[in-house]
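In the part that follows, the structures are each spelled out as structure tokens.
Across the two complexes that follow, subunit A remains constant while its partner is subunit B and subsequently subunit C.
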Partner chain A sequence: MEKAKIKVISRNPADYLRQTRHDIFKQPRNTDPKLHPFQAAREYTRALNAAKLERLFAKPFIHSLDGHADAICSLAKHPVSLSCIASGCCDGEIRIWNLSTRKCLSAVNAHRLHSDGLSFRQCCTEYSTGGDDKSIKIWSLDLATKNSLKEPDMTILSKNIFNAIDHSWKSDIFATCGQVVEIWDEEKTEPIRSFTWGIESHIGVRFNPIETNVLACTGSDRSIALYDVRASTPMRKVILEMKTNTVAWNPLEAYHFTAANEDGNLYTFDMRRLDSALCVHVDHVSAVLDVDYSPTGQEFVSGSFDKTVRIFPVNKGKSREVYHTRRMQRVFCVKWSMDNNFIVSGSDETNLRLWKADSSARLGALTARQKASNNYNKKLKKKFENHPQVKRILRHRHVPKPIHRAAAEKRVILDSQKRKEENRLRYTKPDKVERVPERKKHVVGEEA
Partner chain B sequence: MFHAKVQQVNIVTSSEDENHEIDENHDKLLAEITAMGNEKKKRKIPVRTEPSPNVSDFGISAGSGKGQKIVFQDLVASIKKSKKLKNIKDQLNTVKVDQSVVEPPIPKPQLERFQRTVLYQDTSKDISKWTDTIRQNRKAEHLSFPLNRYRPTKSSLSTDSVQFKVSTPLEQEIETILNKSKKNIESRNKELTEAEEEALKTMDLEEAKERLAELRKMRALQSHYEQKCKRQKKIKSKKYHRIKKKAEKKKLTKMSMEELMKQDPETIKDDLEKEERARALERVSLRHRNTSKWARYLAAKGRNNPETRKALTEQLKKSRELTEKKEFDLNTAKEDENDRDSPDENNVDLTKIINPNQYNPWLASTNSSKQESSHKDVNTTVQSKQPALEPRAIESDSDYSSVTDDNDDIDITKTNPDQNKLDAKNELDEFAIDDDVDNNSIDQQDAQPNITSAKETNSKKSKKSFHITEEASINPNKFLILEDRSKNALNFTYDGNDSEDSDDSIVNNQLNVEQAFEDDDVIEEFLKEKELSKEASKPKETDLRLPGWGAWSGAGIKKRKKKTKPVPPPPRRQDDHLKNVIINESVDERFTKHQVTQLPHSCRNYRAWNNTMNKPIGRHWNSQSTVEKLTRPRISTLMGTIIDPIKPPKTINKNKKAKDSSSSTSLKIY
Partner chain C sequence: MYQPRNSINSDCENGRKSETKLDLLLSEEAGYLEAKGPRETCKFKQSRIVREIDVANRAKSFSLQLSHGPYRLEYDRNGRFLLLGGRKGHQAILDWYTKNIVTEFHTQEETRDIKWLHNETMFAVAQKKYIHIYDNNGLEIHRLKSLLYIHKLEFLPYHFLLVSISRNGTLSYQDTSTGKLVASHRTKLGSCSCMCQNPHSGIINLGHQNGTVTLWKPSMSDPVAKLLCHKSPICAVAVNSNGRYMATSGLDGQIKIWDLRVYKALHVFYNPKPISALAISDRDLLATGFGSNIQIRKDAFIGQQESLFMSESIPSTEIECLKFCPYEDILGIGHNQGINSFIIPGSGEPNFDALAANPFQTRKQRQETEVKLLLEKIQPELITLNPKSILRPKKEISVDKPAREKFDVKFKLRKHRSKTKRPLKKGAAAMK
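Right, the complex of A and B next:
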């Protein structure tokens, strides 16, 4: 006779123990697909909900730091301390802030006029300021005592005003720009190198964080010029349709930089091919004043004259996020924190603002389950991003009315231009005109 | 001297020039004098006295207007022959004058442009070394920042042994002792210990070679064995270990005790000791005597279950095996050994230790009783092994059969339990048969009506179909599916007059349904519905009049003609030629607003898109690990950690270092 076989479910109760008293009871799971029908429909619904929840929790503004008496014109990140940030004011005041306690650590009247340039040295004990009063001052900063000295360690007087200052990422040199681009050694009172290339005014200067000898400088002749610290001559210059305010180098990709332009666009360039931009980032409705890369090199943040801060993915033409508050005026400077989580903006109405880089992210430590849930939701949103409803919810941002109107107007203008060009292309012989891609349209020329 | 000569030449030429000038002046003077007489004043023509190109700064004319140039050689030739000047002349002759002219310098702006171009090209080329890294990072599925995060190396025996530092006095002591010893291998590179090296030095060459080879082989074997053991030790499978243990045991039992004793007395001693210990433990704990919770539970609940009974007996069997007295006479073995070797103390001790019962007065009686019982007992096994069975165990062990070597017992052992088994089986079978019979009877009882009913239904069917065929007054338009209809019609046209079927509830039900829908004409309804849907889908006339226009009333008002747009012919419907189907072609907005109308830019084709959409990522459809893998974000960062810009990959530095180290090692070797 056939003997009956009995299969008994045996489970280790330890696998089903709860971690805490408030935990839910773990249930054994049956993976039989028959028990989990409507896979696609259910995941779609979840994606839709995830998108809605993301918008629901999108509260990016954390805090505003006030104390300055005039517009903030420069910001600098501390290279080692995440919580420390320095801001320079239009009345020449410099303030050091602690972002975690949200307090001002110290305030110094550094310059008589604008303190435009502000940069930390990489060894982080000192920071330098350059101002419109034709002086560079080097200050020492002691974070332990939370006090910086009231008197600068060194003052360098010059014939020229300084519009920007930036420290090299590796050595003790720094670059200033004003009438000329100058390279300074910390130890010396005279510049070790001075570059001129037929311009009377330079606006911004930034060192390449990876190839630390290369730097880019923007000029009032609508140019972006590249320099090498080791060489005695400049390298190359590209001229755009309008003036570029600042550039920011990608910290992950050595030869890519993004330029913040007066025409409201940002242009990402490959240093080796300056005849056309890699990507044109459009969304601002007014001049872009500052740009800074995220330390992961995947995104960058830009501050604009249209009173908004926008976040762009590196390879996307449209912004991912737009930040604005009713009280925030023209944004003169933005910085992305070194841990990739925060954004600091300094604006016209004397306030520093701290934002989250991911608007709906939860601050603080997450449990494993929360992390898993976040990851799943993110993946779902990514999977269903092309579905019209999900797309609509994720894309929608409320912007102030003036910006909304300006954007509509800009759209009309661009559409009209596009239409005109299309017509021109249609009604002329094909070999007489050629289509100029958007990436090349804004580049006037290259100069060797 | 040479200078003087040149001056001389100069003087000569200058005097000639002077003469020429004087002549000119003289002519002028004459001309003036002749002109003085003339009253007519002639216009004065100024004479241009520009220095001619032929005259050099040094007053040397460049030839007499025929394009001749003064060559250096000519000048040298003009030096007068004198002994004093000969030396200088020779020197001058040797001087070769380079005729080619240095290019004028490039204008500064152009030069700078060149410099800039070269610099730019060089820098671009240099910075292109990042291309691969950048491409890799762009393609990477996951990037975790900071990129080159410091991860402490896992400690292992090899690293720890190198890094170990002596701290406590005990360790110090051990260290000193170890250092004194000549038998430890200091470094990995060294093959031999100090002691071995010394030993080798004392031997002659051939012998040393042989010895070295032997040593090497031993080392290799040892390391192989170590590796193997390590690997085997790591195996966690219980099954593997069980099988391994069994195999070892089998190997032992295969060889007879005497043989083993001869081969490897030490291990046998150990084994025996172990067994003795196990026996004692079993006797104390009664672990396999069905005393456990599990056994008691089984005994209570599943006594009648042959499966459980078997399990219990199995346990008892194990207990018996464990408590079994090993009757291996070590004395004989000892005697044998004694014959060969000198008396061994160990052995004597061993017998005492292992088999203390040898001289146990209690044992003698049991031995004798066992011998007696061996004839009675059915289950006696190997002659040498005498199971100490308890009556309870024997009782429970009725159907346990063991293989025996004893020929006499074979029959009994084989027949008895088999008979038992047979009996039991028969009983079971009988019961089963009874059961079956019962079942059958029940089945039959049940089945009887079933069969009959089936028969009836069959007959009904035939009747009904016949019935249908009889009906002639059927609208031919209403026939849609002939075959199906005959079946369906069965239910509909059935009338429950038959007394036989009146108790069948199903049929009753059908009847009720039939009665309920007696008046319904489904086909007619369907056709109507289709007609309606066709109407609805047709394009409608649009009234072009203004709303309200012409809607006035009163006497003598003519009604105006309707102004309408010409109606386009209705588009073809998919179900036009399908009689039994209505296909709804109107689009439902509720669905379309959720649907993707266009293939997204990132997707290559429809199939790829479909694949991604149909592949679930949630935990309801995937295993935990798969979900983790699928939902892992592309960028992950550590909270509160500064992310520095990317640094050049280490491989470059590594290669450099490797080169250096290789050169240094080569130096060491040679």
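Right, the complex of A and C next:
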């Protein structure tokens, strides 16, 4: 008989078992899909579990910082130190906080009335405050020594009250606004430039972080005006349906800014095209009071008169997150920390609140396996985000009853307006009326 | 640093590269049996194969003489443990690598079928009246009183569903993790004793007395598909591991191979006697058993082959059940004299994935796998003919109000009708 070639699967157990107790287990892998049936259904189940776990671990509130005696009306981030934040109170008090130790570093009574404006100079040793008592005070800050100065380095008295103050991101100048927009040099007691545009009162002012000579200013005549500090005349102005409270510049897109409006919406504009908004962000049920961008430029946070803080993606009309607590009242100011992980909000009931930017994220260092698991879960949620079950779990947010009711009412109002608009379009001759897109609807006029 | 996005082609290339890299990690080589001519392999009987292979593998071929009636057998998902069930009530678990008996007991009543549950610690036995669930110490941990006179059992490990078909043709799905009866369908096709699962999609295939094979899922009370496979009662059904092909055998002695993607018969094998048992291995070897004979066909799904790959016989026995051992070149045969374990080179998948099944699993790993399986338990509604259909969710139908249709006022002209042509009033008709 001829010899045949025979081979039978024969595994040497030593190749598959660990040698000592301190060794790791050997785990041979085979990616053949035959060995992994129901891959799609199992992935879907994992995605569903990941979505549920995300909502289970969503505990965004970290700490409440108390100490102020009145509502908090201004906040400023330290340009270098992540843990340092300054808050200004309606009774004129300024406090410097350390967020990592959750302690107040120093408190000083800066103004007699509101200390509305608060801004850090970019060289980070000084900060300036402007108040309703018609004075600007410049303070020096030394984080190393705990007891900072009780007296300001410099006081500038003016005829006007100041509503906001902001430092340039590059040079030593800063801008204030009140009845007029004024550009100041820190060395001088008189403004180096001042702008007016027929606006009786300015509410907010912000320097562009990239085009450092450009600043946006919001006025009580429902306008957002753009100024260049090098020019003597203002650049452009856009008028919306209602008053804009603050603007925030996108730190990555030089021309984009977002305006927090009294009508409860936020409008993202391109500086070059003011006739239409890039995106209208609707979710707040009451006036939006403050807005701040994340350092990545992908998202921004807004604080509102409806006692909630919301986080919006830049290109989405709806918020991805809403933060509220039973004790938090009207939110006057919000800031997104420069490490992209935290949000600070200051509100009517004298407290500063520290929130996580990603509500279900774990604080502290993660092990490699936790990181891998997080990444995998994130990818799964992304893959199955349009499945009705996953979508429902990921989208659901509990909001307090008044907000829930107000949102329902707002929806009814908007639906009825929409219906009316549709009817008008349907029963009018096509050339007589035209559909105005939502992005243009709220822009009343533009001036240059 | 900014890097330009890769094109699709280069992505594919990377995928291919990583795949070849992964292939390097597949350390084991599949078994084979090669002879000079195509008909020559058939001449290799077990006795000769055992003589020619190495000593370590010789022990894998063995036979047990048992006297409690036709035996059924079942390998667990790792291929390590062997469950034996005699018709007259003898049950045993064997670690067949070491030949250690894990447990052995007698149910004292007729047992029709046995099935492992999700791992080797639990198994279900269809006894005279009820299904009993035992653990690996032979302790009865549960008795399913709602299911009566069960003929055949099947278990879907990823769904934790114990599927049973009863004497009167009721198909039941019992969730073994929650204990709930998920679904119960009346097949309305009489008594049924032929069932297999599609390991790719979780669909249950039933073979009936009227020659049809019906495909079932828990969320539908009617069969998903119905195939008239033979003109005689169905004897055995088997589906291969990627769910594409089905083999059926009828009392007419035919074996038909079906393509389950188009529901068409690919080809037919004829046999002088009806086939009583069918099995398909991981690498698509088709084993058929009739009387005391076992025949193995290679590439049976590709086309009609000239000859058999292997053929064996166990004299003076009646084959009851054939099962391929996962990840091994082993065919287990249950018959009325006991069981046999035959070596079939090239039948098993050589490289296992430790996260799917691991013959060298430790206790800790088994417990961890159990928890993982439970966390990822697939809901019974997700069993569909196409298991990838979940990736394309159905569009939700929006409940917007339809636009109001234009309403035309139509004036109906009232015809003047003479009194005689007017229909009679009800009362008037009655009076007449």
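The rule is simple: the second predicted complex is superposed on the first by the 422 of 448 C-alpha atoms of A that agree within 3 Å, B and C clash if a C-alpha of one lies under 4 Å from a C-alpha of the other, contacts with A are read in each partner's own complex, and residues count from 1 in each chain.
Assume contacts are C-beta pairs under 8 Å (C-beta built on N, C-alpha and C of every residue); 3 or more make two chains touch, one makes a residue touch a chain.
Quantities reported herein were computed from a predicted structural model and do not represent experimental measurements.
S.K.: Looking at subunit A, does subunit C or subunit B touch more of its residues?
M.R.: After superposition, B is the partner touching more of subunit A.
S.K.: Contacts for A:P13 in the overlay, against subunit B (first) and subunit C (second): which applies, first, second, both or neither?
M.R.: second
S.K.: With both complexes overlaid on chain A, does A:K401 touch subunit B (first), subunit C (second), both or neither?
M.R.: In the superposed model, A:K401 contacts neither subunit B nor subunit C.
S.K.: Quick one: is A:R46 in contact with subunit B, with subunit C, with both, or with neither? Answer first, second, both or neither.
M.R.: Once the two structures are laid over each other on A, A:R46 reaches both partners.
S.K.: Quick check on the superposed pair: does A:R236 touch subunit B, subunit C, both, or neither? Answer first, second, both or neither.
M.R.: In the superposition, A:R236 touches subunit B alone.
S.K.: Quick check for you: in the superposed arrangement, does A:N386 touch first (subunit B), second (subunit C), both or neither?
M.R.: both
S.K.: Go through the superposed model and pick first if A:Q27 touches only subunit B, second if only subunit C, both, or neither.
M.R.: second
S.K.: Check whether A:F38 is in contact with subunit B, with subunit C, with both or with neither, and answer first, second, both or neither.
M.R.: After superposition on chain A, A:F38 lies in contact with subunit C alone.
S.K.: Could you say whether A:L226 touches subunit B, subunit C, both of them, or neither, answering first, second, both or neither?
M.R.: Once the two structures are laid over each other on A, A:L226 reaches subunit B alone.
S.K.: Between subunit B (first) and subunit C (second), which, if any, makes contact with A:V80: first, second, both or neither?
M.R.: first
S.K.: Once the two structures are fitted together, what part of subunit A is touched by subunit B and by subunit C alike?
M.R.: Residues 3, 29, 31, 33, 36, 40, 42, 44, 46, 386-388 of subunit A touch both subunit B and subunit C.
S.K.: Where on subunit B is subunit A touching in the complex?
M.R.: Touch residues, subunit B against subunit A: 112-113, 115-117, 119-120, 123-124, 126-128, 130, 134, 137, 143, 145, 306-307, 428-429, 432, 593-597, 600, 612-614, 616-621, 623, 627-628, 630-633, 635, 637-647.
S.K.: Show me the residue ranges of subunit C that touch subunit A in the complex, using the header's touch definition.
M.R.: Contact set of subunit C toward subunit A: 19, 22, 25-36, 40-41, 44, 49, 52-54, 56-57, 60, 158, 199-200, 202, 241-242, 282, 327-329, 343, 345, 348-360, 362, 365, 375-379, 382, 387-388, 390-391, 393, 396.
S.K.: Show which residues of subunit A lie in contact with subunit B when the two form their complex.
M.R.: The contact residues of subunit A facing subunit B are 1, 3, 29, 31, 33, 36, 39-40, 42-44, 46, 79-80, 82, 169, 209-211, 214, 226, 228, 231, 233-236, 251-256, 271-272, 295-298, 338-341, 365, 372, 375-376, 378-380, 383, 386-389, 448.
S.K.: Can you check the complex and tell me which residues of subunit A touch subunit C?
M.R.: For subunit A paired with subunit C, touching residues are 2-11, 13, 15-17, 25-38, 40-42, 44-46, 49, 386-388.
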